[in-house]
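Next come the structures, one after another.
Each of the next two complexes has chain A plus one more chain, namely chain B in the first and chain C in the second.
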Partner chain A sequence: MLRRSIVRVSQVKPNLLTGICKPVLNTKNIITIINSSRSYSTKLSNYEVPVEAKYDNIQDYGSYKHNIFTHRLPESSASQSPPLVALHARLNLPSSYSLSTLSQALNLNRYDDGLANNFGLNVLGKNMLSYYVNEWLLIRYPRLPMPVHNVAVNALMGPQVMYEIGKQWGIEVDKSSKLDKFLSQESQFLKYGRLRFIEEESKYPDKPAETGIYELTNEEVKSLDKQNSTFISEEVNAYSSAVIAIIGGLYTHAGEEATKEFINNHILSRKLPLENMFEFSQPTRELVRLCDKLQFEDPIDIRLIAETGRLSAHAIYVAGVFCGVEKLGEGVGSSLAEARTRAVINSLMGYYLYSPIDNEGNEVKLPSDEEYKFDGIIGPGDIAI
Partner chain B sequence: MSGSIRQLARPEKAFNMSGLRNGSGMTYVPMRTIYLHKGSRVAGLKRDPEEVFLSNKGYKYGISEDNLKYIKGFLQDKYRISDELILQVLTHKSFGNGIKPYNEKLSAMGAKLLNLFFAKYVVNKPSSNELVINGKNLDVLGSPIARELCGKTSMGVFAKNNQLNSVMFWKPNTKNIGFASSGELTISAQVMYALVGAITFSYGKRVAEQFIEEKILQGNGNDTNSNKLETIAQVVVESATARKKSKNQQRAE
Partner chain C sequence: MPVKAIARTSIARNGVGAFVPSCHRVSIQYCNWGGSSTGLRQALKTGKIDKFAGETQYIFYEVTKKPGHPILKFHYSNDTVQEVSVANLKAEEILDKLDHYSQRSGNKLIKFNHKVMSVNDSVRGIWSPLHLPKTHRHKI
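Take a look at the complex of A and B:
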């Protein structure tokens, strides 16, 4: 039995990101998400015991073999699983992508009837995804501050988002026990196309579930964020692991170019609300330090550009931030202070959200593109305030 | 307390006030006087850049042959990158309170590419494992050696053995002087990641992978084994395993 600790919190539900990813609005959340992505990177799957492998020679990478006796699902069995064939067709995977690999990507159990699990596929997929997502962000948004960059990575490939994608792909969880399957005369092939992460023994609960109480597993307790009472549930982790493993499987069968295209189509094409990920605590000070770092000669000057009149019913002010004769930003507010702050934030956002374009006005090429030529800029690093 | 007073004038920006006084030809040069403080930090005083922008080993920050020669020698003409970029590769966030361009974004790119490169490198070796998928042995992923190939320790040691970390601009945050305990190992590793990142930015992914293969895996044409990444990673992994074993034995006794 899994050792479980009980946390009694009313309405504990994972705070799922719906539809397009909409990650954070305040610093508290930024910290949460950064933390969760860190713990995620160290955890490769839901194994409590790390996987061990034996090898002939430490540098003979071909000789490594896991210490658990597993086999791959025969292609003939995999092709008889309707959900598996449907998933393959739905994702428009190339015919070279074998159904048995797809089935393996959906298996997280350490030992599931002796079938190989998705550990390796997941590691491979994570490396692929991590490179292409980071490359895209580093080239397209070179000046993002590192905390925002990390949140953006998480918003593109974090567990919650991967879970959403897995759901949209129509992956289902294999919840029923062997006994249930036998009693309902379910075909044995169905489970090969389902997400398998619940161990057989956990499928027979020793006591009925109480309403209002959600029992967290050890892994879930680790991911618990006490401030917002959110956590990454096992199911979210499992979906995320499977989606990433499917990407890894694509590399093994169809190569890197196809994987890159798949990541472009499914991950990088999603809308990323970067402007919502910022929160400034001391914007003016930050701007002054930034101009110092950029070695601007003239001092920063915030000036009033226009106003409706102090005695008008609802006074509106327009403030501008200037550095010498250059105007950096403009802001509108109902008080002088508001207009000033908005102007400063406007100029900071203008700097941070800059995205380079080439001579013809197109987006610059990525290092992994054909005929790459460096057109953009390299982020000089954040400023300390 | 010692310091210096400098007058900052910008004659190139001097403007003629003839608009105010018709044709008088009076020139107004804006001037400000700044006291640059030397020695320990005093709140509110601007410190002298001459003193602040010195590395912990006494190298003066800037583009100079002395600062860049190790990296230039390693890259040679084939992977030449601009001098400004080399300086950014060598500069860590901790230097001068992050006011100079530093290598955080470069190392983010390099670290991800190294992870990807070595994952592909280890799985594509010929294998007799019956669990291979399309000839790729995935069981090696997650093993200590596969992790350590692009790990912090072996990258830091690689940088040291190849003298790439001879000049680095960073600020130690401890009084320790050991290679690992002072944090120099981590900073050296980050310089390595940043170097790979700089090649990726300048020449693209394919050339960067070629660079990893040629310069890092094959050890820069040197025959000495201590310069090769795989040998370093093996030593790191084996010594870590030995340490773990002896600890377990002690515990058992």
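Take a look at the complex of A and C:
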């Protein structure tokens, strides 16, 4: 099969054509040229296909089926899409990973010429990803408090990060309408290698976009964080969904080992700034409670280790947290209170960010690794003040 | 509430684990008539560009015929586009340009005057005058 990553485009500007085209989407999605119409603001009628579930027996859930007919893109068409072939090569995907699945992973549209979308692949990918990310975090950092663990999972596989990864992979959005594609004589195969989430209807805006104004969709309103006034945009969601679906597709074609390696290489290899994810309200009290819980016999003692002198131009103090003869942590500050707090936080971090190692000093094995042996790392649980 | 979490995103380390080339699309624009496109036309006709595209499968090449000087446009994954004029260049020189720019990250070229650039803290830590025994400390 001929795989092409190169395409020849002839440059025809849309405004050079005299007739203005109006897409008529009835049964076959055929574009016809109508010379009389002069505006782009044509609403696409009859676009919505009613979704109805049919069943033989209402209680027999296996017999439920909906009436949307979807089909998969033929491999021969997919292999003629240069961006798709290039993406396949860029991600170093195995040859068993078919291009049609990759194209499916990039499709979020429900009714995209009857092509299957990435919903199923996304569910599969999300399961794989969340398992490996959680496993890695729980084994590598067994003492992370629950809120920090959740935020860390989000930092590795949240929509924003998945969006960044999708961008880095060079996935492009299919923004042009069928009309524009027709006018610029674009190859029909190009769109199969692009991220398709904008519905055909919204590619023909009723009014020109105003600069500086972004209208939120219903989905975006739901994700609105009113405190920080941030939201997850449709584009971020789409990229995230596509990246996760690509991982799901890898599982279907290459199996679990390959998926695990892919997740390790692309997601768990990122730097996770765990030390910047903690916010303590009463660190000293928390440390005392923690030492109680760990049944340390000696009381906690914060002592001054060194100072530059109280009357020096910029006084610096070094404080240490001690428990008997053990030093738990150390902090440097420009006042005694600052040095004390930093020392306490340093010792708390030393506890929370503990990462176990094996006898040879290597990182411990994960349950999904071969020859994994359970070593017993059940912690005492979160600390309550 | 004992510990609150601060939301952060993980930092990409391209090349640790997998390496994804940053340049994902190259637009090659040539003129069928102009003399400045001779080299590019020759590179296209003799299949040199095809051969290069075969070696760099991870890049999507677009070839456009348009009047004017020939231009190579490199699209990088950080949303930057580098335009390189290849007017009056020979086929080999154009291939050198392709090779050179397709390997770049798309970041601006900067003069970096320090020895190490890293997202990690120093393993050794910074030197502290206060961690010496009292007898060895500097006295004013």
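Following the convention adopted for this analysis, the second predicted complex is superposed on the first by the 315 of 385 C-alpha atoms of A that agree within 3 Å, B and C clash if a C-alpha of one lies under 4 Å from a C-alpha of the other, contacts with A are read in each partner's own complex, and residues count from 1 in each chain.
Just so it is clear, a residue touches a chain if its C-beta (ideal position, glycine included) is under 8 Å from a C-beta of that chain, and two chains touch if they have at least 3 such contacts.
In this text, all values refer to a predicted model and were calculated from it rather than measured experimentally.
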Which of chain B and chain C A:Gly170 touches, first, second, both or neither: second
First (chain B), second (chain C), both or neither touched by A:Ile357: neither
Contacts of A:Glu286 with chain B and chain C, given as first, second, both or neither: second
First (chain B), second (chain C), both or neither touched by A:Ala155: second
Partner chain in contact with A:Pro142 - chain B first, chain C second, else both or neither: first
Which superposed partner A:Ile383 touches (first chain B, second chain C, both, neither): both
Contact residues of chain A, present in both the chain B and the chain C interface: 289, 382-384
Contact footprint of chain A on chain C as seen in their complex: 1-14, 16-18, 20-22, 24-25, 49-50, 53-54, 57-66, 75, 77-79, 119-120, 128, 130-131
Residues on chain A engaged by chain B in the complex (per definition of touch): 44, 50-51, 53, 55, 58-66, 70-72, 98, 101, 104, 116, 119-121, 123-124, 127-128, 130-131, 134-135, 138, 142, 146, 149, 249, 252-253, 256, 289, 292-293, 297, 367-369, 372, 374, 378-384
Residue ranges of chain B touching chain A (in the complex, touch as defined): 10, 13, 85, 88, 93, 97-106, 108-109, 112-113, 115-116, 119-123, 125-131, 133-134, 136-143, 145-146, 198, 200-205, 208, 230, 234, 237-238
Contact footprint of chain C on chain A as seen in their complex: 3, 5-11, 82-83, 85-87, 89-92, 145, 147-148, 150-151, 154-156, 158, 160-161, 164-165, 167-170, 172, 193, 262, 264-266, 268-273, 276-281, 286, 289, 305-308, 316, 318, 332, 352, 382-385
